[in-house]
Every structure is written in structure tokens, then in C-alpha cells.
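Pasting a structure below so you can have a look.
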């Protein structure tokens, strides 16, 4: 009875906290009003986007859309690969249904939070100091930066898996690593790949970091075009990115269906 | 006990049962026998307050074929799972061959568990993996962690797995994903996994629940054979009284988490089962008779 | 007759060809190595440069704790916008993700456009969203919330539909069998299974909105992003790290809340 | 010309300090055995904010410089000057294109020495370019054309859109102008930080702010999206001259190398083909030699403003 | 047929079976009866090439209690699931009360399905939801979509759910999460869900596989009672020949996706079962005999 009332108390507290946060957030919200200039500017932007600057697609001297996309893919691919490998031990050890020691789980969760909180730009700075500006630094920054996100998402999804298969492995006397390989991996593999591919996509779009880092790729021209409001240029770059991401989606779908 | 176990086979089972027909003799024998699995004052209370087991004291000898019977929810699965510590008991201690599994840790615990095969009530297959991989997973206890991370099973293991699948008539599905199997086929994969494990004790939680009579017979014969030929101890939860009578050397009756019967098959009369399954059964029968 | 049967039962199927996975792995390997070569990956260079990194790390500690006072109010402002933006983003993401999940809607006529829309939403860069929203709503809180909403929608929906696709089909089957129409089928067969991942993604998006809400700066809504820029601009690394510490505190708090909420759902 | 005068004056004022600093550096360079010779030159540039066209191209400059210097050159583009400075500090970048404020901060950290300054065409009040080459530009206060704000003094209590506080044109110079008029740039007005001079103009057109500070003339960026921007807004005030972007080198580089780099850039600016390239990419017209003292004005403003701000 | 169905109960079943003892009479009767479920040339080939059903032609009448038997993997579940179109058949047509479910769409399909209850071999419970909610989910076909999105079940539904849980002896677990139940308890939840659905046809895929003899009896009696008292058609997959004999009015034997036997219980002799379960059974028995 006492335990139950404690649970109710804690639940009420949780609900009240969330409720309070919402009330606080919505209080003092200004009214939405549309600006007079909006039609003119938005239509200029949209019409610009829909008249992409085809001339930028290919330029014999290099430094065109195709080259930018290629560089971006190379950086994103390698960055994702590094992150994909580094995140595995973290996600495993931060899942509270795999590792039972609270301290280990807690430490790993903390580490993941810390990596996530660490701003991309500071990470970029660190690697620029180490290896100089350029694609290499970009790969390292993306590779390390993504560990926080992947580790969290994957460990969360490990925590939600069906444990019955795991039981069978426990019963055969498998140690945690073997259990992980045989009972957990096959179940989280689809999620793992989908997170990895999502991260790959994020990395392709990580224009800001790559722009800061001088890594080349499509990010810097995109930022430049946006800041001087060259919508035709923005349009063609976005088109390029969308086409590329769609292609990657298709290819990765094929790969995924093979691996899982 | 070992020798006795080996000489009995098939119909010979009856003779062995006769030997134990005297309850007193039975208990005396077990006291001097090699105590394989020992339950001392074991209780289990689930976090939500349900009582799973209540002060269980049992000893099971090498080579026995124990069948556990009881109503749904009586605690049969709980008892079985506490043997290899799939669930942590709340009180008491369980030891296997003199080693306390309750206190075992790390590699010691893994080794003890490796020697205990388990067939699960709800199969516990990795649905996304192939049948073969599910069966091979019974072998992981034998190899180094690194090897297992790379998924490198020796050739013998694969042959062993195929062998186990043959025994349950499922070899043609070896490379099919487990979720594409029928219910009975899934159960057979789970049995093959336990066979491939080459354990010294096998815990079987309703191993034939989803099987047709033919496969049931095959599986039970298989369990009996490995019990007798390899002197492997069997602890099996069964719902079928007929099967229990046919294969067991000893029957343990559970009710509400307590042992209400424990003795050789011969002692388990119809009245015994009636008392295990509670008064309801009698009431129910009376009702029907009244109509 | 007997022999035929024997052949049938004893026939051991050959294992599936390993070529496909090996080929795929080789392909990935080639791509990785190729990219590594293209961008000039080098471990020696990295090792050589590590001491340089240390120079910066030294400047980051200890954090300038007095700076907390300065960033508290922008942080609260950010949280406030993130709460609203993420909530609306999540509310929109839920149905959109359902439409995009192939095991909920089997027709590619439905999932295709939904996925395309989601791809599009994720592709739009923050700067472009900012340019649009500032033009439409002016500067301040409102475009900030809209930007965060868009952003959350993209993240949550994408992650969510993929995790919906990996749920247990059993309960869905049971709902089909009782004659539930699509909406009821989703409510009783899908939703109970996916609430936990949904909350996880929702809270994750919330967290991103708080720690990386640079877009707020772009629409003149302030936010903590501006302060990173400022402190880095002045090479005032102690302050930068105090922002990191502060954000970490907030994120850990969210993490704690999120675990508590998820515990109820798993 | 006006800007040059100002800078000359300030350099005389600070002569002593400056001399001392220079001698310090000289000894430092000597200690380092006449500085480093380079086998490869690494250049990075951050586009200046005061440009209305930009290209993220590096190759053309690479080729030009490598032709002039006879060593391989790599050029990279970054969108944030903080990273250049850090890279120069750890010897990862040799030559950086830095905006004035960034240069001053970099010099403070012994990361960069200025060798050149970019030249551009001046800007008429209506936003069009002049024929005259200058090495400085100005920032402007703009308000709506029909606004009743007619002088700097009227800005008191009004809502002003700034850029980040490290921006020369978007904050430092305008803030100094305000302070001269007796208005505290943060306390006496309602300040809003915006990202991008174009956004500032649009926020002004939207009526979200009463005045915007931008480089002269940022309205050119917006004119394609909002045709009447020049009619609908007016310039309230100009700031003092802001030095153009610098080209700065790592202090540890040998003097001969510095000289070679300097001459290479000047030659590119004078070469017809080279000029076209630097114009297209960086909107530079050429380069003139410069020295650290030219930036004392920046330090002065920086100090003045940052004392008030922090 | 209705009247006959109602008068038979318990032991009375035997009398009915006697009525049908003549195979000819049986077929004649079915031809004039109300053809409830009709299979026309139904085949099912799974995407991986496995043949599930091969050219099935069947008709099942109102109020019958059909038991389907066959080896594991014979296609019993496939047959059952094709009735309410949980799997799409590859060829042929299935109609229910004259309406083709194969061609039905939208609301029509939902309505047909609502009238068909199903008990699943592997339960298909939402493990995270409470027992009550799982049972209530059987009722969603009866209410407006909006109401169901809000989860507002009328009071009668809740009473009905409690009633169904009482029948399977599980009312005390009503508010426990489904994953905290024993195997048999989960199976009973799945039965309760089908009972609460108040369907006109019940498809049961091994409803008693994980149940103890007492509960098995209760559940089978329940199925029989609703079959007889409410004239609800039952199609049940069973592995136990004894149960099939005790409760069925008609037995259908499947082997490798084909109907190899179809007739009243009385006709299903031991030989029949032997032929359904294939020669292996005999072989197996012979083997044992030889030892």
C-alpha cells in the first residue's frame, strides 16, 4: 500500500512538472502576425529556388556542384563510418537492460550527453588545430560529434527490444558480449542501420560545420549563396542535395534489406 | 543411480519405477545419491507482488527424468528458470553439483549455465535470424568471445547444428528466417538449440505444447534417449498427464508456488493429479455429471 | 517411395550464398577507403597534431562560472521556444510518420509522397528557413518556434517511421482479425508498441533544439547559439566552456526526465 | 583618403607602444633563426561580411599564387574567422584573409601579422560603386524612409538591429558612433542581435526594428527580393571609416618569405587576369601594403566599445 | 441444424456424431445446409516459395465444430488465417455467408472480420498493455473510430471483458501488464479477447497448447458451450487427437497443404490419423517395436 501511494505521488509529481513546463512555455507567447513584405520576399525566394542556376552544375575548372557533392559524400561517408564504429561500445554499455551495473550505464550515458552537448564548432576548432583546416578535420569532427547522437539513439532502442531471445542466450551461458552479438544485434540491426543512414544524411547536410572547417564540399557554397541571397544558386544546390539523398536512400534501402 | 539410469530404456522404464514404488525407499535413495540440483528454502516474489515460489526444498539427482506438473500460473516456469538463474530468487539458495549458482559470478556462472540446456515455453527465438543461427547460438558458451563477435563457428558446430535440426525434422528449413516458420516449427528450433548445446542438464518448459502427436512423440523419445544414453538430467514441465506418466521417473506437483507432490511416477495416482490441479477439477466434473 | 521420402527429409539445404553480403561489405570498404584517400586521411598526422588540441583544451578549463548569470535568461528563452516548437513538431510528426511507415500503410502511393515530403523538410537548410520565416513572421519568438517546429518535425518523423517499421506484427494482426478499421488498427495495434521510441525521439529533438538552436539566432530570437558565437569570437574560451557546462546541466535534466517518462512506457 | 588620414594620426599617437612591439617581434623572429622557410603555403580566407557577391572558390587563387611563389599553395575557405586564427596559432595556416576586428584579436594572441590590405571601389550614397579604389569602407544607419527618426539622437529608446558584437560594421563602429552622440549602444536603445546584414534590412522593412546598422550598402543584397528597398529606406548616418580586410601571415615566417608573399599578392592585383579573378571571388580590386599600426583605430574602437559592453 | 446443435451438449455430442456416422448422409446434409464458409480452389504460396495451401475446396456450415489436424507445418494456421484474410491467398476465393471476403474492401471487410473471432497460436498480445486493454481491443469493431481513438469504451464493454476474463479464470490479473503473465495466462487472455468480440465464427489456432488439463477442459467446454448455446461456428486447430474426438463434429486432416481427410468424427479412425500424420508415425512405432 505504501509503495503504491509512493508511485502515485511520483507520477503526480511528474505530470505536474510537465504541466508546469507547458504552462510556463505558453504564457507570454506573442500573437502571430504576417508581415506586409512577406508576399514579395517569399515569392522572390521561391521563384528563385525554382529557377535553379544550371550553370553551376558542372564547371570544367572544378569547384562546381558535382564536385562539391562528391566531396561532401566522401566526408560524410567517412565521418559516419568512424562514428558508426565508435558508437558501438557506448550504445552497448549505456543500455540498462544489457549492463546491469548502474554506475557503468550512468557513466556512459553521461559521456554520450557530454559529447552531444559539446558544440560542433568547438570540436571543429580542436581538429583544425590538430590537422589543419580541410576535409580531414571535417571527417574527424563529424565522426566524433556523431557518436553522442548515435550512441543515445541506439542505446535507447536497445532498451526497448524484446528480451525473450536474450533469455535463451543467457541460458546457454553466454557472457554479455556474446549475448549482445546473438540476441541483441540481430534485433537492433535494422534500427542501427536506419540511425546510421540518418546520420549519414545529417552529415551530408552538416553544411555549417563543414563550412567553418574549410572542408570543401557543398556546404560552403550553400552558406555563401544563402548569405548573399542568391536563390538560383541555393535552388540548384538544394536540388543536388535532394537528388543525392534520394539516391542514397534507394541504395541504402537495398543494402539494408540484404544485411538484415 | 548412473548405472540404473543406463540400464533402463523404453519399456524398461516401468521396472525402474517399480523399484521406487515405495515412497520411503525413494527418499532414502535420494539422500545417498549424488545430489545434482539442490533447492534450499527457495522463494520468489515478483516485483509486482505475485508469489512465484514459496519455500521450495528439492533435490534432483543425476540422470533423473523429472516432470513438473501444475495449473497454469502455479509456478512451473518460475521453478525451472530459477535453476539456471534466469530469474533471481528472492530467498534461499540453489546449488548445482555442489556449486551455488545463486552466488556464482562472471565466468563461473557462464560455465554453469553452459552445462544447462533450456527449451523455452515461448521459444525465445531471434525472429530475424535464420534457423541455423538460432541453433548455433546454443554453442556460444564453448568459444572465445572474440570468435563469437566475428561469428566464426567451427565446422563441427555447424554439423552438430544440422544434426540437431535433423532430429527435430527441420533440416530443410535451416536457412529460413525464424519468423517464417509455423508455431510447431519454431518450437522445434528451440529444441534443436538445446540439443546442440550438449548440456548435462536440460530444462524443458512445455517442449511439446505446440507439436502434433507425431512430433511430440519424436521429441519426447529424443529427450528420453539423451536422458538415458548420455545420462543427462531432464527437468520438464508438462501439461499432459499421459506424457508425464509415460516418460517421467519422478513427478513434482506444484500448486500456488508450493510443492504439493513429489514422488516416483507410480505413486502419482489419479487422485494425486486431482489434488495437484485443485478441487476445481472435481467440482467441474461433478457439475457435468449433474447435468 | 521410401527412398524418395528419405531424400526429402535428409536433404540439407545449402546455406544462402555469402556472395551478396560479402559483395556489400566489399563495396562499403571500397567506398570508405576511397573517401579516405580522397580527403587525405592520415593517422600519423592526427597523432602529430594531438598536442595542438591540448592548447585549446587548456584554455577551456576552468569554465568561467560567473558567466552563468549572463546566459540563464537566454537559456530559459531557448527552452521555452523549444518546448512549444518540439511539441507542435512532434504532433505533426506522429501522423506523418505513420503515413510513411510501410508496415502501416502498404501502398507506396501513400508512403512515397509522405517520405518525399519528409526528405524535403529535412533538406531545407536553417538559413533558408530563417530567410522565409523572417520574411513571413518578422523577427523574434514566433519565427523561432516555427523554425524549431520544422526542424523537430523532420527529425522525429524520420527516426520514428523507421522504428515503426520494425515493430512486432502480432498485435497488428490481432487488430486486423477483430475487424478494426485503419485508425483503430493503428490506435490499438501500433501505438502501444511505439510510444516509447516516439517519446525517445521527441525528447531527443527537444534536446537538440536546446543545445543547437543556432537557428534562433538566425531569426533574431536570441537563444544560446549567439553566445557561443560571441565568446568564440572574442577567444574567450572559459566562457565558451561555461556555456557547455550549463547546457550539459540542462541536457542531463532532460535526460533524467526522459528516462523517467520512458520507464512508464517501455 | 579620409580614412588614411585618420589612421596616420592614430599611428603617431601610439608610436611608442608600436615601436616597442615591433622590436619585440624582431628579436623574437631573430631568435627563431630568421623564421621559417616554407615549402608549401597554406592560405585560408573568410569572406568579408561587406560583400554583396561571394564565391566559395579556392582553386583560381591557388594557381595564381603558386605561379608567383613557385611553391605549392593550398587555399581553403572558411565561414568563421575564429578557426583561421586558431589554425594559424598551431601552424596549420600560414596566410589568412582576416576582417579588421579579427585581425586585431589575432595579433593580440601573436597569431598574425598584417602584410596587406584589400582595395575595393568606394560606394556612392545611392549604393552604386565609385571609380575610386579605397582600402576602407563605412557602415550606415538606415531607417524607413517615412520614419520620424531624422538624426542619431532620435535613436534613443528605439529598437536597433545589430549584428554580433564582434562585427566591425554591424556593431563596433556604429556603437562608437552612438556613443559619440551620447547614446549608450545597449542601455539607451532596445537592441536586437540579427544574423546577416540582409536580415537586418528585411527586419527594418518589416517594421520589426526602427533602425538597422549595416555595411554600405547592404541594401544591394536585398534589392533583388524587395525592389523598392532604396526608396523605402534612407540612410540616417555614416560611421567612421572601417579598414578593409587584411591579409595576415604567421609571425614565425621568415621576413624574406613574408616579402615574397606580399609581392605575390600585389602582383596578382596588378595583373589583369589576376585582378579579374580576385574581383569575382572576393570582390577585391587589388592589395596595398599595410602595417599593424593601421589597425590602432580598430583597437581604439574595440576598447571603447567593449568597455561599455562588458 | 440449429435445433440439433442446441440439443446436443456434453455427452450428447456422441449422439449427434452417430447421426452423421454415415458418410453419405453427412455429405448430403452439408449440401442442403447453410453454407457459411466456402473455400473454392484456394491456394497459398508464401513469398519464399513455401507452399502453404494447395487447391483447397471446403464448405463449413453454420454451427459446426470443425477441428483441423495435421503435422506441424501442414498448413493448419495458414488455412485458418485465410478465412479472415489475415493472409492473402494466392489463388481461389473464400466466401462467408455468400459474401466473398477475398474481394471485400473497406468497411465491408471490417464488418466481416468483426464477426469472426480469432485465438492466435502465439497469442499476439500487446505485451506493454494491460490484460484489460488487450481484451477490450476485441471490441473496437463495434464503436465509432473517434471513440476508439480516445479509448472510450462503454461500460457494458468493460463488463463484457470482465465476464470473458472470468470465464478463463483470469479476472484477478485484469490490470496486470500482459508481459507479466505466465504462458498459459497469456493464452487465456487471447481467448478472452476472442470471447469478448461476440463473433459469429471463432477461429482458434491451438487454443489450449499451453494450458494445463484443467484449464484445457474449461476452455474447450467454453468453446463448446458458445458453439452450442449461441450457435457459433468453431474452427479449431488441435494437436490432441483425444480432444478432437471429444469436441469436434467434423474433422479436417491437412497434409502438406492439402485436405487428406474431411468427415464426421466417427469416421476418423486411428487409421485416419495415421494417414494424416503420415507414414513416419508407423515407421517410428515400428522402430521402437524392433528394439
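General observations
Going by the order they are written in, the chains are A, B, C, D and E; count residues from 1 in each one.
Basically, contacts are C-beta pairs under 8 Å (C-beta built on N, C-alpha and C of every residue); 3 or more make two chains touch, one makes a residue touch a chain.
Just so it is clear, the model here is predicted, and its values are computed rather than measured.
Taken together, chain B and chain D share the touching chains A, C. Across C-D and A-B, the chain pair carrying more C-beta contacts is A-B. Chain centres here are Cα averages; for chain B and chain C they lie 45 Å apart.
Annotation: 48 Å between the Cα-based centres of chain A and chain E.
Computed from the mean C-alpha positions, the centre of chain A lies at a distance of 35 Å from the centre of chain D.
Among the residues of chain B, those in touch with two or more other chains are 122. Shared interface positions of chain C, i.e. residues touching 2 or more other chains, are given as 49, 52, 55-56, 131, 135, 138, 140, 196, 232, 266.
Within chain A, the positions touching two or more other chains are listed as 35, 37, 41, 45, 121, 125, 129-132, 134, 162, 190, 208, 223, 227, 229. Pairs of chains meeting the touch criterion are A-B, A-C, A-D, B-C, B-E, C-D, C-E. Chain E makes touch with chain B in their complex at residues 9-10, 46, 48, 50, 69-74, 76-77, 121-122, 176, 180-185, 188, 205-206, 209-218, 221, 239-241, 273, 277-278, 280-281, 284, 288, 291. Of all the residues in chain A, the ones that touch chain C in their complex are 11, 14, 17-18, 21-22, 24-26, 29-30, 32-35, 37-38, 41-42, 45, 71, 73-75, 77-78, 81, 109-110, 113-114, 116-122, 125-127, 129-132, 134-136, 138-140, 149, 152-153, 156-157, 159-160, 162, 190-191, 194-195, 198, 201, 205, 207-208, 222-223, 226-227, 229, 234, 238, 241-242, 245-246, 249, 255, 258-259.
Note for the complex: chain D touches chain C at residues 80, 82, 85-86, 89-90, 92, 105, 109, 161, 164-166, 192-196, 198-199, 202-203, 206-209. Residues 8-16 of chain C are the ones touching chain B in the complex.
Within the complex, the chain C residues that touch chain E are 5, 170-171, 173-181, 183-184, 187-189, 192-193, 195-196, 265-266.
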